[in-house]
Amino acid sequence: MSNPLLDVKDLVVQFKSSAATVNAVNGVNFSLNKKETIGIVGESGSGKSVTATAIMRLIPSPPGKIADGQIKFQDKDLVALTDKEMRQVRGNEIAMIFQDPMTSLNPVFTVGNQIVEAIRTHKDISKKDAKTEAIEMLKVVGIPEPTKRIDMYPHEFSGGMRQRVMIAIALSCNPKLLIADEPTTALDVTVQAQILELMKDLQEKNDTSIIMITHDLGVVWEMCDKVIVMYAGSTVESGTVEQIYANPKHPYTWGLLESQITSDIASEQELQTIPGSPPDLRRPVPGCSFSSRCPFAKDICHKEKPEVIEVEEGHRVSCHFQTKTNQLERKEGVFVE
Amino acid sequence: MGKYIFRRFLDLIPTLFVVATIVFIITRLIPGNPAAVMLGPTASVEDIEKLTAQLGLNDSYIVQFLNYLKGVIQGDFGMSLSYNQPVTTLILERFPNTLILAISALSIALLIGIPAGMIAASKQNSFVDYIVMLVSLVGVSMPIFWLGVMLVLYFSVNLGWLPATGMGSLDDGIVPFIKHLILPSIALATIPMATFARITRSSMLEVVSKEYIKTARAKGVREFIVITKHALKNALTPILTVLGMQVSGLLGGAVLTETIFSWPGMGRLIVDAIEKRDFVVVQGTVLFIAIIFVLINLLVDILYKVVNPRVNYESKGGEK
Amino acid sequence: ACGGSEESTNNNDDSTQQPGEPREGGVLKIGLAANPQTLDPVKYTGVYESQVMRLVADTLVVYSKDLQEIEPSLATEWSVSDDLLVYTFKLRDDVYFQPGEYQDGRQMTAEDVKYSLERSANESVMNRLRGVTKVEVVDEFTVDVHLESPNAALFAVLTDAGNIIVPKEEVEGWGDDFGANLIGTGPFSIKNWQRDQQVDLERQDKYWGQKPLLDGVQLKVIADTNMMTNALRSGDIDIAMDVKGQNRELVKQDDKLELLTVPALSITYLDLNNMTGPTEDVKVREAIYKATNVDEIVLGANQWGGAERSYLPLPPGSWGYDKELEELVPTFNPEAAKALLTEAGYPDGFATELYVLESRVPYATIFQNQMKENLNIDVEIKVVEWGTYSDTVSKGNAPINIGGWSWYPDPYFFLYQLFHTDQIDALGNGKGYNNPEVDKLLNQALAETAVQEERAELYKEAMKLILNDFSRIELDAQESTAGINQKVQGFDVSPDNSIQIVHPNGTNVWLSE
Amino acid sequence: MNKPIMEVQGLKKHFPIADTVPFKSSKMAVKAVDGIDFDLYKGETFGIVGESGCGKSTLARLINQLITPTSGTVNFNGVDLAKLSQKEIRSARKSIQMVFQNPDASLDPRKKIDYLISEPLKIHNIGTKEERKQKVVDLLSTVGMSAYHAERYPHEFSGGQKQRINIARALALNPDVVICDEPVSALDVSIQAQVINLLKRLQKEFDLTYIFISHDLNVVRYICDRIAVMYLGRIVEIGTFDQIYQNPKHPYTKALLSAIPKESPFDKKERTVLNGDLPSPVNPPNGCHFHTRCPFAMEKCKQESPILQSVNQGHSVSCFLHE
Amino acid sequence: MQKAELHIQEELPKEAGFFKKLLKNKLAAIGLFILTSMVIVALFAPLIATHEPNSMNLVNTLSPPGTDGHILGTDNYGRDLFSRLVYGTQISLIVGVSAVLFGAVFGTFLGLVAGYFGGKIDSIIMRTMDGLFAFPFILLAITLMTVLGQGLVNVIIAIGIANIPEFARIVRGQVLSVKEEEFIEVTRSLGATHSRILFAHVLPNSFAPLIVYGTMSVAGAIISEAALSFLGLGVQPPTASWGSILKDGKDFLVLNPQMATFSGFAILITVLGINLFGDGLRDALDPKMKV
């Protein structure tokens, strides 16, 4: 296999405030090949969006900064690029769909204007052509009557429509890497299916790689080749979708999978959850960050950081229970050695 | 919007009525008999009495007021007591001069102030930022009479580059005309310029941390465009407000600058009229200025809406 | 006594007239301190307007350079009837009006004089020809001016710009707009008037007097006095009138410029209210006078010169002035003052108010300081603008005020309006000075004789009484000043602040470059 | 479940468009909500699903009287909300709380979380300062956050955290009816489960009524008693969750259900995507709004609008196929 | 609902409060320092001044700085310039700050109400402001002088009133965009009254331009005070104020610039202090700005 398209190593992102430093991302590792789709799942607030924003080098600074780590993209270390060089990368090579479609669209420009701008930033075409293209884009993402809608302002759009506009902007650049932060949360399932289809097509056509941040595990199963699971700022487990689904190794992953609402859960049944709450990111935890909520936690879990272990080809996990020789397995909600 | 604009035009009527009434009352309230004031120190008792009668100032206030209103409704602002000319003529003579000076000063203020504010904001807490701040504050702390005289001392008296006073006439060619315009415009521009710079900076700072700025950057848009297009348009509301105020202020006449540079504008007309107790001119000019202000603010309100499509003048907060 | 004294003599004859033949051509630029509003002789009120009017039109007679005598202008000679009621004037027969909209430069005749003077007598806002009942045309170039009662000040009045001779056609043709389109018989005619900005005058070729050397005159309105000097220094203008304060020094220091000064007909005084308040008591007034160090005030208010202490309610340049009377003025004596005040019943002083215009604040501030120090009188200064000032003072509502007065050299124009009971409701006698004997003397001096010496004697008597009543404190007599560029030749500053460019008294200004 | 706590009748909201450009106005309008009737019963969870942009959020705002309807009424406990005075409507809002779709924009960026969450309590004068403080901490923990979060500002939170803050705020007043507009879409599954458990528990405890807008059909199925399916501003089908999921009648409902994403990577099911041009609410197609994309469309569907008709006990559908 | 733990396990340093944040901002601290110094100078003027501020010496006028123990020289009456500036601090600070506050308080209120309620209310308030703004300042001042008479309070009122329309405009403009934000709608949905929405949410989000404009206006107010004094409204001679010293100094600008220069400098420093402080205030109010 050739070099990966994107290789994130030991990424640390901090937000400083007068009182403390928030380690929003604290050791994220993953790599992504050409035309591959990776899903990032994990606790809300675990640093998924921050990781994505860090790849774009758009962490608001101050107070935030990339404190450590490497983001290798096509042999360039994005962390080390100058602002100007980074601008060449943004939009052109890496595009991002932001999580919050309402606040991510500029309220004072029409959506058409914003799409046209994206197109014209990277393509040398006339305004008129760009507009035609923008209308096409809107149609592609399923906005009805795009010729009319293109001259409307974001606040006149519904949540899902705004999200689709964001998608249209990101896709209009034909990027090599598309980072989609919760791209379909506000979409109904039929439109969602359509959008995901669209992303796949794009991937086929342009060999695009995709980072898909989502809470909808269904989307992950459908779209992704690989998954990383994040908890409290770090990757706790990563592997192919099949590995993660069939053979999750980290107790947090188990909790996550079990909390899923599936069609076979009856209304009367209480949903499974992970009790407790995640650690305060301002306070470095000596041991495993999940230890306070882990039903299996032993002494060592509270004291030492677990190492990253490759349990099978491409399947990595960082948990004291998982060693090369001694592995826990999930079976019907309990663990066996 | 069309309906709104129409309604705003209708607003002019009560506004003007109220303004007219208040000016009338005020001019009668303040001490000073126009006849005595106009005739100067050496006037004798008889002279004053005679002129008072001639000017119709012996009529009862009600009669005076009704006559005045009648005139205004017919578009007649009356005859100046001291100039012996229709107020409309006086205003039309001076207003273009004021307009020229105002446009020129505002252009300077905008062209320097806004970019300076933008640069300061994009380099917050840097050396450039501090310089912009310091210069702006020097700008507002410097009284115009001081600055004006300094400019003249340096550029006219010492260097002899520019004329010290007067407006010049276009008949003498465009170059002398512009030369006359430079110093008063600079003197007049300092405070607006400083205000623009500071307001722009603060407003930009509010905006640059917004998510959509991130989006623009993520698109790969050049930083220059991010700042000048995406951030600026969102930051424009307070700038427009200030612009509207400055335009109003300048069109109402810049007394100090006009006096120092002998610029024949509205400001001096008004102040002369007040000092001379030329009530008719005072009433006329105040009404005229009120009309201008209402129109300028209408324009500003339209611009608010152009800049920010969410602006809604009819609804209460939080209602759609 | 003050810094400017070495300059205070009229010395322009030796210093400005550089060797060389008068040269023709050029436009002289003069700064005008305010904007002329109307040039209609019956409507004008300001000195700035008369400055322009005098360049455009002529009066029957003019004052001599030193303002001591009356000289011919449009009238060549005149006589007075024995009853002092009819004045006969012989007119020049070579005078032509400037061509205008409604006439094409016709000759001026007695009819025009009749028209102009009667118009003034009937319509003038300032009543500048008071007492004239009618003007009779005797022949084409002779008129009789009939008076209601004897008026010795008639000649002074006739020199007023309000009594210039204008053509009827133009006055009636323009109607209200005549004030903007003045036509006269003067050396210059109005070419262009940009309101609030400048008036361009051009030479009048058919002028009856000596041919103007200048092509034209440009009068530029410069309201700010400091800027007036700056404009002079930068060459924007050639003559700046009324240079005051530090600007005098600036003009003197500049090699290209020159400061011309001459004692003016302008005095500054401090009125004490004679009708109400503590100052109603003549003892209090005397105490205040004695406690006032006038020299100090004059010095402090005129640091760069430009004024002399004055003693009498007349400018020293007036023919009514009598140095002997200066003896009657109390000398500065705080102790005596204090005693007087105690006697009057104010051992601990009192509180009072002083109304003053902004330009005279220095006088007020120093006076205030002296009152506090010498008599423990608390003077609250009220700086007000002109409208409020004139209203307050003429209504007699100002306990103390500081004012200034400048008019014709005839004492009538000072003493009558400042001290006659008639004028108690006007600004001049807002202090409410009331002395029947003075009234009588003032009336006599006006109506009973036209002989200057006799009149001077009467005025002297009146002033004696006035000084005895301590009705007000005389502060200073101002100079008339002008800053000029050295290329301006033949220009004299006039004590009455008029601008004389080409004048029957022989003036004909020219530019050396 | 006899007497409805809320009755919605003939509710319409048309947003005029083209007002954005001065001097240009047109008669066109976005028919965001175009005639909606339903009853809401105490203690139930009423789900609303439908295409994005079909007017769900607008409907939610209308119910709360945040926007004035073009026509139609909302009766709450027998009172027409539109007829209430300002003051009365304010206290009515105490009983009808709402979680907005947009977690970020819903939080005043200049206020700390404790202020935001305790604000409804302050507004309605509930509790002492101390009590309110405790309540904030309680609410934070019920939505899976911690006390220390109270001291922070909204921009310091992730999308999901903001969503939880919004939920906490809506619950602060112990309302009778909570309108939840996509309350859990930004949450990871475990928090989602936590929140849903909480909502259910609260419902049991306080007999709460929910209007639950969501795109996640599994969640809707799990939590809702009755479900309304909306399409272009109208309800096309309404019924209990069993009726809708087991026996969908309307072609759009069927399409929706068939588009539920996979449940595992090994699931081989293909999602069906609706074909045809998406109609616009500005210019909705004549007749049945869905006919342009309906595989069973008949001539009649293009001409006439079907009305919502009962096909079963509590199950109504607006489709000519089921007349 | 279960009770949650109120206390946090181990005390982290508390998030800097508003004032701490303000002070941590270096520039704001400098601003505050300048202002405090000014206030101290004003309060303790008699102790700081080297001379009696009104005592004249007419033979030693306009002497340059350093002459005869006059640190900054003397004015045109031979009064000690330094002492006059020190005493002038009182008037100028009071007038500058109070007049702006007066205008800001009323203007902000009117602007808030106008922008927020819109429609008729907006029309009435803003047209009144237009009318008020159209009145020449001098006319306004003479009128107030006539009606209210002399005095410091009236000076403040006059300048304050003239400032009202500007503040109203600024605030209204800001409110027009803020009121459309979604969180305003959300707050309404909680049952909040209009006044609560206005003062707790709209106002804080409209603050920034207000602070900037307000702090800038102080300079104008200090200078205007002097302009009023010649209409009889301002403080009257011999009372010292920076504005009046500056204005008197303009007649000696060329040869004896010390009066205009030092008084202008005093104004500049004060305005600088106020602006630095204002910027700090703005930053401290903006949660996104971290120190």
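General observations
Lettered A, B, C, D and E in written order, each chain numbered from 1.
The definition used in the following text is that a residue touches a chain if its C-beta (ideal position, glycine included) is under 8 Å from a C-beta of that chain, and two chains touch if they have at least 3 such contacts.
This one's a predicted model, so the numbers in the text were calculated from it and none came from an experiment.
The chain pair with the larger count of C-beta pairs in contact, out of A-D and C-E, is A-D.
Taking the mean of C-alpha positions as each chain's centre, the chain lying farthest from the centre of chain D is C. Centre-to-centre separation of chain C and chain E, using mean CA positions: 46 Å.
Spacing of chain A relative to chain E, judged by their CA centroids, is 50 angstrom.
Chain A and chain B have centres, each the mean of its CA atoms, that are 54 Å apart. In terms of their C-alpha centroids, the spacing between chain A and chain C amounts to 90 Å. In chain A, the residues touching two or more other chains are 60, 100, 102-103, 153, 155, 280, 282. Multi-chain contact residues of chain C (touching two or more other chains) are listed as 226, 385, 387-388.
Shown for chain D are the residues that touch two or more other chains, namely 20, 61, 66, 102, 104-105, 141, 146, 148, 155.
For chain B in complex with chain E, the touching residues are 7-8, 11, 14-15, 18-19, 22-23, 26-27, 29-31, 125, 133-134, 136-138, 140-143, 145-146, 149-150, 153, 191, 194-195, 198-199, 201-203, 205-206, 209, 237-238, 240-242, 244-245, 248, 252-253, 255, 270-271, 274, 282, 285-287, 289-290, 292-294, 297, 300, 304, 308, 310-320.
Residue ranges of chain B in contact with chain C, taken from their complex: 30-33, 36-48, 50-51, 54, 79, 82-85, 90, 93-94, 145, 148-149, 152-153, 156-157, 160, 163-167, 169, 259-262, 264-265, 268-269, 272, 274-277. Those residues of chain A lying in contact with chain D across their complex are 15, 22, 41-46, 48-50, 99-100, 102-103, 142-145, 148-149, 152-153, 156-161, 163-164, 182, 185-194, 197, 215-219, 221-222, 241-242, 245-246, 255-256, 259-263, 265, 267, 270-274, 277, 280, 282.
Touching chain C in their complex are the following residues of chain E: 54, 56, 58, 61-62, 76-77, 142, 145-146, 150, 229-232, 236-238, 250-256. Taken in their complex, chain E has these residues touching chain D: 1-8, 12, 14-15, 181-183, 185-193, 196, 200-201, 204-205, 285-288.
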